[in-house]
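Note that the chains are named A, B, C, D, E and F in the order they appear, and that numbering of residues resets to 1 at the start of each chain.
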Amino acid sequence: MELLEFFLEAGNLKRLRRTGWLLRGIPNPESIADHSFRTALITLFLGEELRRKGIALDLERALKIALIHDLGEARITDIPFPAQRYFNKVEGERKALVEMVGSEYLALFDEYEQESTLEGKLVKFADRLEMLLQALEYEKSGFSGLEEFWKTIEKLKKNELYEYFGGLVEKLISLRP
Amino acid sequence: MELLEFFLEAGNLKRLRRTGWLLRGIPNPESIADHSFRTALITLFLGEELRRKGIALDLERALKIALIHDLGEARITDIPFPAQRYFNKVEGERKALVEMVGSEYLALFDEYEQESTLEGKLVKFADRLEMLLQALEYEKSGFSGLEEFWKTIEKLKKNELYEYFGGLVEKLISLRP
Amino acid sequence: MELLEFFLEAGNLKRLRRTGWLLRGIPNPESIADHSFRTALITLFLGEELRRKGIALDLERALKIALIHDLGEARITDIPFPAQRYFNKVEGERKALVEMVGSEYLALFDEYEQESTLEGKLVKFADRLEMLLQALEYEKSGFSGLEEFWKTIEKLKKNELYEYFGGLVEKLISLRP
Amino acid sequence: MELLEFFLEAGNLKRLRRTGWLLRGIPNPESIADHSFRTALITLFLGEELRRKGIALDLERALKIALIHDLGEARITDIPFPAQRYFNKVEGERKALVEMVGSEYLALFDEYEQESTLEGKLVKFADRLEMLLQALEYEKSGFSGLEEFWKTIEKLKKNELYEYFGGLVEKLISLRP
Amino acid sequence: MELLEFFLEAGNLKRLRRTGWLLRGIPNPESIADHSFRTALITLFLGEELRRKGIALDLERALKIALIHDLGEARITDIPFPAQRYFNKVEGERKALVEMVGSEYLALFDEYEQESTLEGKLVKFADRLEMLLQALEYEKSGFSGLEEFWKTIEKLKKNELYEYFGGLVEKLISLRP
Amino acid sequence: MELLEFFLEAGNLKRLRRTGWLLRGIPNPESIADHSFRTALITLFLGEELRRKGIALDLERALKIALIHDLGEARITDIPFPAQRYFNKVEGERKALVEMVGSEYLALFDEYEQESTLEGKLVKFADRLEMLLQALEYEKSGFSGLEEFWKTIEKLKKNELYEYFGGLVEKLISLRP
């Protein structure tokens, strides 16, 4: 796919809202691009923190993963959890990604999806943390009915990076209204 | 599925926007429920018109089809056309529909999807006409980039009801700004 | 009124928001079409349930009533309750309806407004139930100040269909957060 | 009506959108309060201009009229033009106004509605000019289908203040894209 | 600045949302014009009340102040409180105001900003009261996280008009959910 | 500043809309985070392209710059161009950035702002290209009045990366409706 065409298709991520919030009645919730941006930002700052702790990390690789981790959704949209019984979302995302930016990015996506490398784990951690931050922000603004999102904490705890950032997650939880 | 639970899940059709418009940059476009409502209304008034022309029609059946023709989207969302290369949308809709309201409605859905009965053809006609009306309304309000939607006219022309409502469609086209 | 022109005017029901929610500060609430859609859907499924219970019902008639019960609002808008001290809303709706779709639909509207037939009662029940479902959904999302809407329960209880669907209504109430 | 209660009811003017724009498909158009604000601002600056031209004017009175000219809509909403065949909007506004702020404001409203005083004429001029400014702004942003609003120019020309501000109106018209 | 150009620039106040609410996650909050309108309305009705209590007041002057008190924001936008550590917002507003409407309005703005005259104090009181009314309305609709706004009560209490309108403020506070 | 607190403040970038579009009447335009996301994505793909052309580039550095290039706006908001006569926006952004993430990021920001390194130039190019893509998308959707944004092309042409990506920019321009 040509670069210009690709950049324009990536614009869909600004136009598409995250369906998880939408289906819970939050008016005009964040876009997929909004989420991807903060996920990349978190990846950067947690990555720097890991380095400060002496952990070797390919930050360029991690940032690439963060930037492309939801790119397939520009084409397949943010198919919500209940719909995934009918469709293999990850397979759809993988195929769309390859068609959009080529197979060299598929390896990056798979690291993220399978949490198979430190960089992939970091972005998965950032992705989930970002969702919790957003859930917290919506709850602080008065929205409710978001309990299901908080179950993600269990998944965060199984990520080996929880060792380093567990305190941050706990602090986040303590801020729930 | 219990009735109350089903009515609540159907509420998703109010919260979900039609992705075709969304991806073309129309801010806060119509909901799936908005579209389904006018589709049913068109079905009613075109159906009455057919009867006046002496054509036997099971209007109750047609209205049922109209009301459930997008019901599966309450669960699978309005997966846009470019995403359908990766997913079998109709199969997903069929399965979701059965789980939501039981297999007796599947026959109705298939009549619509396959245009296999007069009632199914009528709702398919109404569904496409509704989309053209909305495209026209957006264009009259100043939105553009909707050319692709107008290709649907070719499909309308192949529907045997075009014989009766071709004039209406041509008039509609003549109103484009 | 010509069919095409009528379908276009009915599009106003997508553009107009239900003022009851709007005045209580719910941002970008449901459209009148959103409400009408689920009212028709409820009419269909409660109607089928009545039939299963052996109650004779003209479901085609009931669905017609449901689809046109708020049609006049495409022209007069959803004049809120406090404004009805100054205007006879129902009279306005009746006149607009006749001008839009002819007097044969007036009888249907009156059955609904006066709850004078089983079909009219069913749609009135569906209309009120739909509003309660929406109130519940808004409350589950965190919105408040909707107490007044719940007074509708008293009206539902007086509808003879409460005998059949009272359990559903009670279950709905039990879901309030 | 008590002041606090009145101020809260006036908040409806922020929540209600101007239906003229809404029905032409402008997403999330200006509120009634938005319009009232600029109408008052225009009244102030045109009023000062009149004074500079040596015309005696009770500016306090004019500003009061501007601030209350749509106040009744906080209760009756912005009933659009096509609905006014079924309801006497002005009578509704008058009654609502009296109940909200007392009959001393009715005289001010009538001056505006009947253009019976210089101050009333000024606010009517400002009210219409404000609408044209907004129409121009929407057209410059790309919205269309607003031709009907521009017919107001004929009414502006009949207002005796056109003598002073005709140049401004003509300049405004020349800016249409 | 020419009048027409000025009226068009003032239109920005309709397009710009109040950032205080925006940053706390309220979707599509009121515009600056919305706020300015009710501030002017409150100024009018509190001013009339003061007159009834025998207090001499230049109401025309007070209304002018109310209408222009946020006018500079049409150019500099509603720079939120945390940003004011980096910019002198009031200085920016003053300069923008002079360029937009001339230096004769600067004196009015300064009366408001410094609460140096009765009219300035009244508008400052109205401005703060308006914000509390809006905070109350958002809280009644279910939004939260607005505690900081209520600290304004302390500032209201120091305004000499609290003597007259303290009861109204206390009643307002008592309505918090 | 603590990481959690910082991530929450960065959430403002999702809530704040880009004022350039807002002031031209585009309803609910993109957020600052939306823009930052695609800027980072463009930086990644143009960066990879440069590498393929044999140009040495620190892509990690470039991605960091892209992710933080508008971070200060989380605190100072997107102060629009006409307001910058009254405030030194860049100085405000620099101070806010230092307080949010420390002075080590200031060097990165300055590279971008002053286009003093290849990485800084790349992000500046991506930032401007992103804005043009968005302008194109809005124009394709029917919005107008965006001519001023296209003047940015002149600035792009002066960026030394135009040598490599001039074709892409010209293609983009050719797509304007």
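Things worth noting here:
We take it that a contact is a pair of C-beta atoms (placed from the backbone, for glycine too) under 8 Å apart; a residue touches a chain by one contact, two chains touch by 3 or more.
Everything numeric in this text was worked out from a predicted model, so none of it was measured.
Chains that touch both chain C and chain E are the following: A, D. Looking for a copy of the A-E interface in A-F, B-C or C-E, one arrives at C-E, which has over half of the same contact pairs by residue number.
Rotation angle relating chain A to chain D: 180°, from a CA superposition, given to the nearest 5. Inter-chain spacing, taken between the CA centroids of chain D and chain F, is 41 Å.
Inter-chain centre distance (chain C to chain D, centres taken as mean C-alpha positions): 33 Å. Here the spacing of chain C and chain F, counted between their Cα centres, is 48 Å.
Multi-chain contact residues of chain F, defined as those touching 2 or more other chains: 25-28, 137, 142.
Taken as a graph of touching chains, this assembly has some other topology, since it is neither a line, a ring, a star nor fully connected.
Of all possible chain pairings, those that touch are A-B, A-C, A-E, A-F, B-C, B-D, B-F, C-D, C-E, D-E, D-F, E-F.
For chain E in complex with chain C, the residues that touch the partner chain are 26-28, 137-138, 140-142, 177.
Contacts from chain E toward chain F in the complex involve residues 12, 15-17, 19, 22-23, 25, 28, 75-77, 79-80, 82-83, 85-87, 91-92, 95-96.
By the touch criterion given at the top, residues 3-4, 6-8, 10-11, 13-14, 28, 30-31, 33-34, 36-38, 40-42, 44-46, 49, 59-60, 63-64, 67-68, 71, 101, 129-130, 133-134, 136-137, 168, 171-172 of chain F touch chain A in their complex. Within the complex formed with chain E, the residues of chain C that make contact are 24-28, 142-145.
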